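Inspection log for the structure reproduced underneath, given as structure tokens.
The first chain written gets the first letter, and so on, giving A, B, C, D, E and F; residue counts start at 1 in each chain.
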Amino acid sequence: MRPSGRTAEQIRPIKITRHYTKHAEGSVLIEFGDTKVLCNATIEEGVPRFLKGQNQGWITAEYGMLPRATNTRTQREAAKGKQTGRTMEIQRLIARSLRAAVDLSQLGEFTITVDCDVIQADGGTRTASISGACVALYDALTQMVKKGLLKTNPFKGFIAAISVGIVNEQAVCDLEYIEDSNAETDMNVIMTDDGKIIEIQGTAEGEPFSHEELLTLLALAKDGISTIIKHQKIALNITS
Amino acid sequence: MRPSGRTAEQIRPIKITRHYTKHAEGSVLIEFGDTKVLCNATIEEGVPRFLKGQNQGWITAEYGMLPRATNTRTQREAAKGKQTGRTMEIQRLIARSLRAAVDLSQLGEFTITVDCDVIQADGGTRTASISGACVALYDALTQMVKKGLLKTNPFKGFIAAISVGIVNEQAVCDLEYIEDSNAETDMNVIMTDDGKIIEIQGTAEGEPFSHEELLTLLALAKDGISTIIKHQKIALNITS
Amino acid sequence: MRPSGRTAEQIRPIKITRHYTKHAEGSVLIEFGDTKVLCNATIEEGVPRFLKGQNQGWITAEYGMLPRATNTRTQREAAKGKQTGRTMEIQRLIARSLRAAVDLSQLGEFTITVDCDVIQADGGTRTASISGACVALYDALTQMVKKGLLKTNPFKGFIAAISVGIVNEQAVCDLEYIEDSNAETDMNVIMTDDGKIIEIQGTAEGEPFSHEELLTLLALAKDGISTIIKHQKIALNITS
Amino acid sequence: MRPSGRTAEQIRPIKITRHYTKHAEGSVLIEFGDTKVLCNATIEEGVPRFLKGQNQGWITAEYGMLPRATNTRTQREAAKGKQTGRTMEIQRLIARSLRAAVDLSQLGEFTITVDCDVIQADGGTRTASISGACVALYDALTQMVKKGLLKTNPFKGFIAAISVGIVNEQAVCDLEYIEDSNAETDMNVIMTDDGKIIEIQGTAEGEPFSHEELLTLLALAKDGISTIIKHQKIALNITS
Amino acid sequence: MRPSGRTAEQIRPIKITRHYTKHAEGSVLIEFGDTKVLCNATIEEGVPRFLKGQNQGWITAEYGMLPRATNTRTQREAAKGKQTGRTMEIQRLIARSLRAAVDLSQLGEFTITVDCDVIQADGGTRTASISGACVALYDALTQMVKKGLLKTNPFKGFIAAISVGIVNEQAVCDLEYIEDSNAETDMNVIMTDDGKIIEIQGTAEGEPFSHEELLTLLALAKDGISTIIKHQKIALNITS
Amino acid sequence: MRPSGRTAEQIRPIKITRHYTKHAEGSVLIEFGDTKVLCNATIEEGVPRFLKGQNQGWITAEYGMLPRATNTRTQREAAKGKQTGRTMEIQRLIARSLRAAVDLSQLGEFTITVDCDVIQADGGTRTASISGACVALYDALTQMVKKGLLKTNPFKGFIAAISVGIVNEQAVCDLEYIEDSNAETDMNVIMTDDGKIIEIQGTAEGEPFSHEELLTLLALAKDGISTIIKHQKIALNITS
């Protein structure tokens, strides 16, 4: 029995609120149970130096946690004067995943930055970030087409992310914090709508895991991601 | 006529949501119109080194803006590796103001940190921060008494803050961003329930202002603050 | 009775030494009693990026304290790797005040930086800085006209700053360190020659202060500033 | 045909030189073809604060590249004043992997730090680092037992790492730089001697990859890792 | 002919003002012609960690230049967030030299920090710093004896520093800025009263210099230092 | 008797390995006994801003030590976020020395950066760095001529560096770590092939040293440097 009473394959209630703030070109509050992340997409002209003149766009991401998003207060990174390794790792992951959802060669010389800021954390902040950021990105791209900045929408398809893991020797989907901190194996999977893999990161926190366990976790992830993508489409009023 | 159609002395609609996040000992989302600030109060044992052994507590504050809280994206301070002078100035102001609301000698050797994070900015983020932080602080102190950490509540009285200024030669109260960026004079006032002054910071952005203008602005501020404190009490179900 | 034997409204002896160092375009050592600040104005071509092409100039300021300007040694900010919030707050205040003394649209695309370095501190370093910086700025502007960099002098009028406060329930002017550290209320005022207000920053260190106390303090400040401006003019051989 | 003439499943020549420097408790130069990494293990008394008094040890790792380990010079991180996200990500991965090879509860209150410094880079620096670090760690632990610091050796078993990927639509093992920079999918796998997974990190650089491709890559990785562990044992004169 | 009309061996006018500021235990303004450095010695209890429990004291130094001490403004190190290599090099040199003047084993567990801040620069700021710092140190040590912190004065003897160099093929003593920036060889020498060498740092800026030139420069330095030490003693009213 | 059994004037065995890594334009591993430094020269187009348009080149250097190059582990500068004063001092010395070996006016608008990274330290890392860097620089310059980037080779002549010092009252050459840490006087000398001095840095760690001692040390240095330059030429197959 899981702490929340969920079955092994059950993900937490998902809520996606678009237009959460008024300034960003895409602004989404995503909730995976008690995990709440605000994903704001910003469109800016120009690309980083290493892409100049290549006639393509760029997508990047930044991640942060409000100091008291967590159970005990975490030191503010701005006050400390640097981002932790964990933060950098997560924002690099978000950015890579989002770039897989877009045809950068059709984006023009624009940069889209998606800021994922965790308002409240209860496990799975990076997977919620990616899943919410994809919707914010979609809104931003749609707006670019509407404004005439782009002729065609370079969005290639929805992506979403979920955490899976082995807790008390049982493979479970969408771990909340109490599960996450006790997991023997912890894996984050990012997939497309049709079950292809964009990123897989699995870590044995305790004992190494077997090939069979990997397969079980992947199957759980695939189902969970499929459900999240349904929620993304509903939030965007897309029927397909 | 003000952009929002308000009269000169009218403040924006105020909304105070308590228990906005689940981890913090005090968690308040305060809205002054489109300005939205999340104020989380954290209780921690111990005091800063310079206060050790003096048998008193401490209250401090940190301030931040989400990168896309503003109309165009602001660089993330954590990524830049330092807080701006503006941020430091604001968080010092918030902390000083909150300390004026509490009898630190009755707080025991505890430190309360109030994090004010701007989710959406439309002028007056520092005054909204102070006004919201006071409620979060109140909740945290009440909880300390309930938990038996303190015998008596060291809260001395409500404080609130408002911005006033001269815009187009007219003295107005609670400036929104478009007014703020065009103000000739900009003043932030923090007061107690009975109209005493905790802090006053007035700046002539354009021409110097006269003694009479200062008095007019102070009168506007006093009324605005009185209204905010009423909202604080309603949110806390205090009738007095 | 004040520690120095001064009356409540009496400011400390003021000494302004121009051409204190040989390199700066304006170089002033200002002394408010035992507080000594060296104010050096530097003229440089060009303006910050946000002003480029707007056909106006810029005035900025930096503030520092020698490590042993104070009674006990303060850590050197350059060694620590960052400026404190207090330093940033003060240098922003100095710069804002100086900009109020000059018509930036008549300054051409030049930047004047005024460095205020505290050689010895005994309270009121920020007000001495502003008052001395104004003279250094005047010298620099005069030199620009002489050198033909400017056709007309964009100086609009003298400004000066003073601290006032309530110490032992008495309102006093130009606090020295021992008073400052015991003040219930501490206020810094920057005014023009004709008593208009450029900046007012008042803080209740202990109890909040009343409207009447504010008025008393402002009156003290006005007189003190008037005296300082007389000294500025004498130092510059201006009779008006 | 691969650039080096290798078959798809063939790893590069591996060379492991122990006692490469004289000071470290374990010092290994590992070469995967032209990729050369120096792995130095340092034993120090004490554990990080979060582990104090828990009667267990800790293993951590740091990673660096000499500025001209790469084809064009990379800015020195020490001069830049911070480590890149890539560096932090890699050193966190190395450390996690090494901790999986040791029973920390049997390590006593010691910390072992393994420094992995890339002397020459040609792809696969993180996998070479992990594979070499494991040998340096083994030497350090053996020395601790010899010196009487530990009664039993807490080493649980060998681990090694390899990169696999899809290049020109072909799954290949142990990518060199030219392959790595053209890979559609890039995956790093860390396994134990008996083929259990410690860490898997797969990224679609171009198109998402299928479940079948994942399985193919995993099989390649398993074989490659098995070969590396044979080399580790030969270098250590272990016959099993 | 030198720019100042001095002969090759002639040093600039030296002026040593003690008790220049009121807070420091030793406070000396030293002037070598137009080079002016304020040297403040601070006594603090305790020693750095690496000396704890060794029953000896420590002497350290910090060096800084006011931004406009120079002909064109130099960026403030505190604002830049780090000290330059030049600054670090100089303050390490000052500290090493001062430690040679004191028997640290007789200093008790005290640390003396000498801050050398350049008010105005015209060449030779490091040699003026050392020469002035020695006097400030002497005053601080004398005060320690007077206050009963030390039983005997651990001062071993005066030291002073001078720059010598080859300018226009001529060996000269105590270079001012215009000479320094054109020197083919530049050498700083620190010596004791009896002509023994504490530190010698010679650099060929242009062509390498010969053994004979080195000897000539050393002889010039010896005479210059002897004169400076006379000034130190006069300032301290020491007749010997 | 010296720890290694060497005579006073004897330097340690020298080994110079060229083409140590494959990417750098010059790559030399130099060994002075157990001190091993990797010197990599990188050619890049362009010069620092202060040299732009002056039709000359620039040579710079960076220095680092692997954390476990030393007997006990030193904190990684990249992790600490800044280079120590010692590191900065050394890399400035290396760069100055190398510039003395090259006619910068004949280098074109190129910058050569020589990275000196200490793999293993046993005293004399800065002198080994300079001596090895000179060979790497030579290789890089030769390659520039071969590639047609330069018409004539701007190399002016070999330079090398050695440490000398007074240990147990005896003047010795090329100190290893155990000697260095006990030296009363420590001196680094950089000379040309014909015995001219490029740089001399002597420090009395304990008692000041006499003029005669200086001369003895210089004579030792001259012989040692002459031997090193012979090794440089042999490594480069130069007969002269």
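Just so we're on the same page, contacts are C-beta pairs under 8 Å (C-beta built on N, C-alpha and C of every residue); 3 or more make two chains touch, one makes a residue touch a chain.
Computed from a predicted structure; not experimentally measured.
Asks: Identify which chain pair among A-D, D-F or B-C reproduces the interface of C-E, meaning that over half of its contact pairs, matched by residue number, are the same.
Replies: D-F
Asks: Just the number, please: Cα centre separation of subunit C and subunit D in whole Å.
Replies: 59
Asks: What is the distance in Å between the mean C-alpha positions of subunit C and subunit F?
Replies: Each chain reduced to its C-alpha mean, subunit C and subunit F end up 51 Å apart.
Asks: Just the number, please: Cα centre separation of subunit E and subunit F in whole Å.
Replies: Their C-alpha centroids are separated by 28 Å.
Asks: Going by the contact rule already set, what residues in subunit B reach two or more other chains?
Replies: Expected reply: 81-82.
Asks: How do the chains line up around the ring if the path leaves subunit B toward subunit C?
Replies: Traversing the ring with subunit B first and subunit C second gives B, C, E, F, D, A.
Asks: Considering the complex alone, what residue numbers of subunit C touch subunit B?
Replies: Per the touch definition, subunit C meets subunit B at residues 82, 85-86, 88-89, 91-92, 96, 100, 187, 191-192, 195-204, 207-211, 214, 218.
Asks: Under the definition above, what is the set of subunit E residues touching subunit C in their complex?
Replies: Answer in residue numbers: 21-24, 27, 34, 36, 38, 40, 42, 44, 62, 64, 66-71, 73, 76-83, 87, 113, 115, 117, 119-121.
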